[in-house]
Amino acid sequence: MGELIRTEISKIPYLHIFGRTGRAKQPLPLFFNGSGIEVNVTGSELWIEIDTDCDNMEVWVACEINGALISRQMVLPGRQKICLFRSQEPTEAKVVRFYRELQATSENETTYLTVESLLSDGEFLKTDDYPLKLEFIGDSITSGEGTYGSLEDTVWVSMYMSASVNYATMVSKELHADYQLFSQGGWGVYCGWDNDMRHNIPAYYEKVCALTLCKKNIDLGAHEDYDFAYQPDVIVVNLGTNDNTAFDQPEFTDPVTGMVHKQHRNADGTYDVDDIAAVKKAVFDFITMLRKHHPASHIVWCYGMLGYALTLPITEAINDYRNKTGDNNVAFLNLPNTTLEECGSHMHPGYKSHKKAARVLVDYIKQVTGINI
Amino acid sequence: MGELIRTEISKIPYLHIFGRTGRAKQPLPLFFNGSGIEVNVTGSELWIEIDTDCDNMEVWVACEINGALISRQMVLPGRQKICLFRSQEPTEAKVVRFYRELQATSENETTYLTVESLLSDGEFLKTDDYPLKLEFIGDSITSGEGTYGSLEDTVWVSMYMSASVNYATMVSKELHADYQLFSQGGWGVYCGWDNDMRHNIPAYYEKVCALTLCKKNIDLGAHEDYDFAYQPDVIVVNLGTNDNTAFDQPEFTDPVTGMVHKQHRNADGTYDVDDIAAVKKAVFDFITMLRKHHPASHIVWCYGMLGYALTLPITEAINDYRNKTGDNNVAFLNLPNTTLEECGSHMHPGYKSHKKAARVLVDYIKQVTGINI
Amino acid sequence: MGELIRTEISKIPYLHIFGRTGRAKQPLPLFFNGSGIEVNVTGSELWIEIDTDCDNMEVWVACEINGALISRQMVLPGRQKICLFRSQEPTEAKVVRFYRELQATSENETTYLTVESLLSDGEFLKTDDYPLKLEFIGDSITSGEGTYGSLEDTVWVSMYMSASVNYATMVSKELHADYQLFSQGGWGVYCGWDNDMRHNIPAYYEKVCALTLCKKNIDLGAHEDYDFAYQPDVIVVNLGTNDNTAFDQPEFTDPVTGMVHKQHRNADGTYDVDDIAAVKKAVFDFITMLRKHHPASHIVWCYGMLGYALTLPITEAINDYRNKTGDNNVAFLNLPNTTLEECGSHMHPGYKSHKKAARVLVDYIKQVTGINI
Amino acid sequence: MGELIRTEISKIPYLHIFGRTGRAKQPLPLFFNGSGIEVNVTGSELWIEIDTDCDNMEVWVACEINGALISRQMVLPGRQKICLFRSQEPTEAKVVRFYRELQATSENETTYLTVESLLSDGEFLKTDDYPLKLEFIGDSITSGEGTYGSLEDTVWVSMYMSASVNYATMVSKELHADYQLFSQGGWGVYCGWDNDMRHNIPAYYEKVCALTLCKKNIDLGAHEDYDFAYQPDVIVVNLGTNDNTAFDQPEFTDPVTGMVHKQHRNADGTYDVDDIAAVKKAVFDFITMLRKHHPASHIVWCYGMLGYALTLPITEAINDYRNKTGDNNVAFLNLPNTTLEECGSHMHPGYKSHKKAARVLVDYIKQVTGINI
């Protein structure tokens, strides 16, 4: 082994960053699941220096080498070095991807993860280009809830969420694409699963990561306006599942404003016209927002992995948007529902369901982009 | 072997008939692919007496015993007996299903297939109940085009179509359901793939089988008004693929009226507003027609096995229908597109694609009907 | 369609014959399952003229076009023409393979199948070369028993046997190989499943097809000495399953000689030493016979698809043979056992089991032959 | 969270230990891959306290909760606590299995892993019974070499080995069995892949884990005579792959004795008679040794996952053993070879190959034990 040289993460040559960040790049905050770094490095050994804190929602991280998942582990509070590989052939370059498994943890004041530096006895070489750029916006499905754990596990804790077993990652890897995730379990395009009106993705989408309330994250730019420098070829929106659940949940009282909200069903089980109209408006408005920031991106609204109930209202909003704007670069696509046999933990899509969804999306994205992998 | 007794098909006890028929049941015409008969019969030997004629589109037939496909063959003109089993254990009952593989062959004046009688040395026992009732309405996909033959086969002939390898049959068998098919390759909900305005399914849907122009079929009730005594729990409409193709095909001149038709695209590739409006109106009107005849059926419009292009226009029509009528028992569902690896002959969905679609539909139908198989 | 020209099968240019035959080639007898013909032919239409007879064991036939199974059907007594395709594009060549599904039907005096002629309006072109040559020798597994029919079907009739769903055919097609089958359900290398000493494959192996007692077959060379002009690269012997069953069956009395035979187990369930020695000797002697006729063939004894009980005795015989002869071009290979989920009818290997075995064998044959498909 | 109580591992109620140990249980050394502990514990949080050291071969560990793999990570020198779960529902019991991924690291003087204690705020409940007991003895295949990493990874380092993706673990979990592993990459039943005569498993088998030369391990009983208190129902020996490789490698000079060894091939590629006889004798002797220590265990020698070359010599030795001893509770079974598509890293069996082997073995073990899972 040669001498390990510590290099601040912002000074690593050819560093590839996955996921949204603000202006701060030193240390590099990893706000979302799938947020991470990739290097192409020689040397016998590589370490990553991170800093992290948490309350009950601790961060999990994963590491891939040459495209294969090698490790997945919990990280607990403190500045620490993690060895990503050692005893390797020094002259051989290894592609190393290190990323966050845990979603952005909304309303959490403690949890953060930053990358401080890399320690290597090798040389950082040019990383792969990822000419195709993707973005995935979603809820618990896109946060990979249930992708780890067994069918009987029903507690809502960090360890069952991931980017490593996740249709978004599968699609991006199969298409050799760069990608970003923006997702939050339980949230909707209009309201949360429990009728909490604050829990809608669009209200947060224009900030880097306003989901987090952690001061360290905020200091590192989480609440900055996002610059949208990353312009995806395809934006996959996978929202609506929680908006549907809200219709079957009790009303929610906002603890701050005292305002009460509930989505209603009619006596025959159909949606209350005004309530569903609000969801449709939210879809319309969110597409408008997405388009504002991404003039050329193909936007596909995906839906179905946990039931098809909102298929028609969502399409109605999309059609309305297309008719009113003349913008036809917006589409809809059902992803297949998760069968019991494909479930992971707490009745969320497991590996088989994510794999199935990824196959459909890979084919779809090949069609609309014309790429041929 | 005991003595073979010939029984006219209309006099077979417990005969289960699959597929639409008119009033005539002797002989029993099999108009559509999937149309057939099922018996539960003891005896060592069973024959079926059929009559058939054809021009270039000969009929193919298939036979299943106890749910397993045993034979598939071409039948050529003439009244003939086909042995369905022999040398079996006389006291054991066998469930035998015999059905047509070939679609209804539109505009064909010659092709027909009738079942005249069964010859058996056994006893006809009670057949299974099929409490769930399904109907599938479609085009070449539902006619099973491409489900036989190799990838290189591109000629449009009977042998490549089937009910035996067909998502509609797979779904019905997995759900232990009765089913009917109404499909015609190349046809649309509004117009045919080649802009032929006559080639729309709704114009024919209210007759038993007006697709055929064969006198024998007509004599057997093909052009009668269909009585809609069969009330499916779920109607799967799988139309739109050819309506989309028409936008990329040259204009069509009606050979009788001289009228010219073409679906147009705008310069930017999007659909001409009026032309796509006509498709949407056709969807709206067809759902209206389906509802008229099936007050309680769940109608799900499936689309995607050969591309997703019309997803949004179709949903727009469905939403429009729901909003105008308040009828919410109508849904939309994308079926996954066919990848090259899943193709059968002449670039149509093959076995793997039909299997994939069937899995999605089986899950869907379980959800909406609440059945648990 | 052009005029159909009838050509005697022996006069077809570039005819490829699968399976053993004697000197007679007009008509061409198809003695074994998998025995058949292949042509590469243009024209719009192709018919095959066959002749067949049967008692309770009727012949089934299958037809593939361009490598895809198109039809499978029973054929009943009489000289008859079967249309293999029609209405095709006349200038396109189609590769057509027509073959027998039913095994050779031992001791049967009636059943035969001959190919008399082809009727075509096209031209017979050069067929594919099959540089790799395989031979499969076996019992019911290789006769495809159980590959058609449902799990509940337990009657021993023709319709449940096949070459079309058969590991031997799968292997040969995946390796683009010529192949021959020699198999008989219920038979062993030493004795039949029921202790019938006459039912051993080696006693019949040197005749073309002495299994059949049908005069028509005999007239066509079935009882001739086989010329072994076909020299396979690899001989797969899949015998032993019935030799093992015999140990658990009652004694058998030869109806002609009155001799009684039974394979015995010791009180602890192990094989009687003398009885298992007889099986081993039969393995040794059969390999000796195979080697005599095929000096250069790789011989692999495969075993396990219906249980592994005789693995060690068989290998002992092979090792003994290798040690005594110095002939090391003989090997042993377990094929994986059939699980319940992979069963076809009457508890024999079904499609999934044959597919699994084929994967193992394809890999094996690639290794020993060095071919790379 | 309640207060975390530290309990020495030897004092944990209902602790289930996987893998061989000597008399020392505090701390509990984990010598082999697959060696580990299982508890059934309530509480919100569980930590494991371990101690480890290493040179270039660091230890990797894995953790499963309720049967699902949750984490896999490298552990570096030092006494340390690893959190296995936190923030769980305190009253719900979780089955937690923690185990070593790295094989025993022969000749290594530094590497060890011990479990010191568990820290929990819950209660340790009764663990599952594992009525079926298995043992797996092997080489790199059983050490899981190549089960992590990508096809291009060819360096021999710890991270590519595992028990978590390993046919032995898959089989044991599917059969709900207790299991032990004894394996060493590169070793054979007679000699190592490089003709190193010291690298044979039998020479080490009677000690707990004499592979390791680490003083800490030795102090914890690694070099004790193993007590064979664990009596497996089935012993799977998966050896022979390296014995075959040795025939194609240069001679090896023992650095201590100066003795030179090489396994030779004849000019025609076959094995030298004396050299292969030595391998056969080693097989014979090892089975004798296994039987001595396990009077009632079914012993099955499995072979083939990296080529079938020694199938016949191994079976010859087994037959010889059975004939000379009359012990028929010894069998042979080919496991299917690994195809390129099933390879993991450095051309060793990957996930798909281990899965395939596991399916064959699960079926086999069900047959010989008569268990029905």
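We call the chains A, B, C and D, going by the order they appear; numbering starts again at 1 in every chain.
As a convention for this text, a contact is a pair of C-beta atoms (placed from the backbone, for glycine too) under 8 Å apart; a residue touches a chain by one contact, two chains touch by 3 or more.
What you see is a predicted model; the values in this text were computed from it and never measured.
Shared contact partners of chain B and chain C do not exist in this assembly.
For the pair chain A and chain D, the CA-based superposition corresponds to a rotation of 180 degrees in steps of 5. Here the spacing of chain A and chain D, counted between their Cα centres, is 38 Å. A separation of 42 Å divides the Cα centre of chain C from that of chain D. Separation between the centroids of chain A and chain C, computed from CA atoms only, is 56 Å.
Chain A has no residue in contact with two or more other chains. Pairs of chains meeting the touch criterion: A-B, A-D, B-C, C-D. Residues of chain D that touch chain C in their complex: 268, 270, 304, 307-308, 311-313, 315-316, 318-319, 322, 328, 331-334, 336-337, 339, 359-360, 363-364, 367.
Chain A meets chain D in the complex at residues 56-58, 60, 65-74, 76, 83, 85-89, 92, 148-150, 152-153, 155, 157-159, 345.
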